[in-house]
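Here you go, one structure.
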Amino acid sequence: MGILNAFKVRMNTLAIVLIPVCIAIDWAGHAVASGLKLPLFLDSIGTVLGALLAGPWVGGIAGLITNFISSGTVDPIAAPYSIISLAIGFAAGIGGYYGWHKTWQGRVALYILIVLVASIGSTPLNLGLYQGQSGVPTGDAIYAALVKGGWPTWLAAYIDEASGDIPDKLITVVVAILIYFGLPNRYRALFSVWRRTGDEKAPAPAPSV
Amino acid sequence: MAGGLSLYQEGASLLHRAHPLTKGVFTLSVIALAFIVPSLYWILAIALILLILVIVAGVLRRLIAVALALLLPIAVLLLAVQGFANPANHTVLFAIGPVVYYTEGLYIAAIAALRITCLVVATFLFSFTTRPADITEALMQRGLSPAMGYVVQSALQIIPQTLDMAGRIQDAQRSRGLETEGSLPKRARAYLPLMLPLVLSSLVATQERAMALEVRGFGLPVKRVRRYEFADSAVQRVTRWALALAVPAAIVARLLGWK
Amino acid sequence: MPDISLEKVLFSYPGGVEVYPEPGLTLALESGVTALVGENGAGKTTLTKLLIGLLRPRSGDINVAGLDVSKTTVAAMAKTVGYTFQNPDDQLFERTVKAEVTFGPRVLKRPPADVERGVAAAIKACGLAGKEDVHPHDLGLSERKWVAIASALASEPSVVVLDEPTLGQDYPSRQRLRELVMRLGSEGKIVLVVTHDMDFVGEACPTTVVLSHGAVRYAGPTSNAFGDRALLKEAGIEPPHVTELAQAIGLRQCVNEAEFLATWRR
Amino acid sequence: MSEPAVVFEDVGYAYEEAPHEAVSDINLRIEAGEWVGVTGPTNAGKSTLCLLAMGLAPHFFGGKLRGKVTVLGTESRAIKVIERSTDVGLLFQNPFTQISGARERVHEEVAFGPECHGVAPAEIEARVGEAMDLVGISALAARHPLDLSGGQLQRLALASLLAMRPKVLLLDEPTSQLDPAGTAAIFEVLSGLHQSGITIVMVEHRLETLCELCPRIVAMVTGRILADGAPQEVFNREVVQERVGLPVYTRLARSAALPAPRPVRLSESAKAFRTPIA
């Protein structure tokens, strides 16, 4: 099946070294956003960028470990959501494999896919952990209003979660794609070995002399 | 400049000395059990055990500082929303004008908040008493690939380095006239000029770092050297198994009607 | 009135010791090219950051080209001070050299005609003509450094701060840098060069300030700056190669090649 | 006659998708125990020379290699970089990218390479102690690598290579990002290594330093070798002076119209300037 080809990856040293860098970009993306007091998390830019550059495994593992590390250092509640970050990395990697980030329709599709993965995946976790709330005050206000209005809790929980994911993932995907196309060609090429099949050679970055 | 990212605090307590795997299994099992056990009393019992261990480990004060900042907003949000809007609500606790607050929601929110507290406390307890390098080393001794071990370890160091870089970049861009304060659109426009240099430099460094690793033989298919041994004991092995088995046992008990 | 003045400036980093010991740093700089030298941790970079307001002193006054720094935002200071950091990669982010160099004047909202003139002049002065459309990261480190210098010059600032501009530069590049700072100095700008490169100091900077452990140990003509051996050692300074040669053959102190040749011929 | 350390035979190399070769027509033979300085302006191909000797070009970069690069008797095409790493070490410009990032103590960082090679623990310990001693960072053994200064980090990176017991060291502008104190410390270590018989190939653009340290200099321009020989020989050639530049001393002697061969080092220069012109 075609889609599985995206996962047939040779992890060379470069791909392995790229993963911690993507994790650090996830962190920095969030730190810079909170430094500027932007009302968004923006903590998966590295995951999406890594997936677009080097495939679903790099993106997925970066997402997974970003969450593991946050859980162990600043926010233990992030731990169960590691699985969602893994899925976001996979989704972006599959989109990247098919080159969705290169066309306008594709970019919209990539965004929608990531929002769906994030919101559908997080809802059951929110139900188990928070009785369906998302822990974000505005989303939780919507949740309270909907439940009060007689909506089923799972649907209210989904809308609560999605209300946060829709703007956050929009900016995440836009920023990741802007960064991707802001890179010099040789760096895009450097990490794109995974797109080729059967070719063992890395492409051509001229080193700074 | 910061070293690696870690909450670890030197110590000699029972928890500090325990095998990393014992602590890991304990943490995961306790968190799972907190969400499986059926009633408030059971959760309180788990919380009590955790509290005792926190005191034993000598990290009570630090734990309160970090955990409270995290848990307080969540607890408030849960108590406010669930007491007000939960499908099970029917016993009125109090009413302020049109806003009615219910007992059932309060109880449900309290249980959820306590479970999250167990999750947070157990995790911090683990982080406070276990060196990150020990976790990866212990896992690698049990078959985690050296590549994954490398990824986790180096991420812990690259993160603080990258955050330092973010500070330098902010200085550099502000010196060019970039505004990082003011209205939301103004601040939002500063995001890319702050992020892009960081991403570019990080990726450039990736190439050289990959070469530097190959130059040191990283990735050679050799039998891994154990960097150090962890003290283990029969008691710890039994504890690990008991804790690991307690989770499926509790699930089965719940399915059989444990209330 | 001097063009830059610091008056009893005290500063410490959070949790750190005083960078400038009591009664604080007092220093006056005139227009022209001044080298700021001293050992690592002497307080050189802290000083330059204080000048543009990135760091705020706990007490004391700082005036730069008629501006009271304490009453001015960093963004407003950027109109007057062009600052080039040591590592160009901490600031490069645009897709072309031209866009990168234009960024500063653009966010400073200079009139389009000024932007165009400043950018064109900066690109030319930094030897980047013909490379306007290249991605900055497709250039080598030394050329990226030139892009950062051009970015600082593009807003036509009256004060220019260069942090370790010669690091990693080859000979032709250093020559161009020398010509550039000397020209800026002769145009009446205040140019402050933070460096460990004493050959460059001797060739390009008529005035030198030696900072050691947060205190000004020497401020005056560069030609007399390399006399006190003990001070040089303390401030981590290796005198210029020319000075060593002059000393070896018993000539009076020389700090650059022209001076050496003139003295030797006599 | 012992086997040469590094041999380039008619080597040309183009990075993948690059329109031109980065280096061309390189013929170079470096004997075991030599200390060779490589210099030249930006884009001369100096770094590429190191990458070729290490085997990173073409193994890491792909691209097209003509001719033969043979290091310690093995042609670069025939051996992977990770296998080569026991005999050949490459030190880069930036100290921060060279620490593995996976170790929390200086001594553990030094042990990283030998561990990758599966060296026995007792042997690793001995090598780590020896390597830290050689570069003078034993006192920092228990520190976190990221707490070190740039100069200390670069010495740590060097110790990490030495712990692999290389016979050939390639250094690509090892001190260009360091201050004078850090630079002096590195060069002192290198002098010691040269004494002990290690072959050193060092890219450096500070010509005065190069002339003081290296008995042999290779000057490159636009991917080709322009001159190869003793410092005085190389910097007395007109073409080198035009396209690479001169050490301060040689330039002064030239400006003063001192007779050739002009001095390249401080001591010779002092002598030359003291001698009255006939």
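When the chains are written out, they are named A, B, C and D in that same order, and each has its own residue count from 1.
Following the convention adopted for this analysis, a residue touches a chain if its C-beta (ideal position, glycine included) is under 8 Å from a C-beta of that chain, and two chains touch if they have at least 3 such contacts.
Only a predicted model underlies this, so the values are computations on that prediction, with no experimental measurement involved.
Annotation of subunit B and subunit C: jointly contacted by A, D, touch as defined at the top. The largest tally of C-beta contacts between two chains is found for A-B. For the pair subunit C and subunit D, the distance between C-alpha centroids works out to 30 Å.
Centre-to-centre spacing of subunit A and subunit B amounts to 19 Å, using the average Cα coordinate of each chain. Each chain gets a centre from the mean of its Cα atoms; for subunit B and subunit D, those two points are 45 Å apart. Between the CA-based centres of subunit A and subunit D the separation comes to 42 Å, rounded to the whole angstrom.
Counting partners per residue, subunit D has 42-43, 60, 101 as the residues that reach two or more other chains. Annotation for subunit A: residues 20, 182-183, 187, 205-209 touch two or more other chains. In subunit B, the residues that touch at least two other chains are 150, 154, 158, 161, 165, 192, 196, 200, 204-205, 209-210, 213-214, 218-219. Of all residues in subunit C, only 39-40, 140-143, 167-173, 196, 199, 236-238, 241-242, 244-245, 248-249, 257, 260-261, 264-265 touch subunit D in the complex they form. If you check the complex, the residues on subunit B that touch subunit D are 1-4, 131, 133, 149-150, 153-154, 157-158, 160-161, 205, 208-220, 222-227.
Against subunit B, in their complex, subunit D makes its touches with residues 54, 56, 60, 81-83, 85-86, 89-90, 92, 94, 96-98, 100-104, 108, 111-113, 115-121, 124, 144-147, 157, 160-161, 164. Here subunit D touches subunit C in the complex through residues 41-43, 93, 149, 173, 176-177, 179-181, 205, 207-208, 244-245, 248-249, 251-252, 255-256, 266-267, 269-270, 273-274, going by the rule given at the top.
On the subunit C side of its complex with subunit A, the touching residues are 93-95, 135, 137-141.
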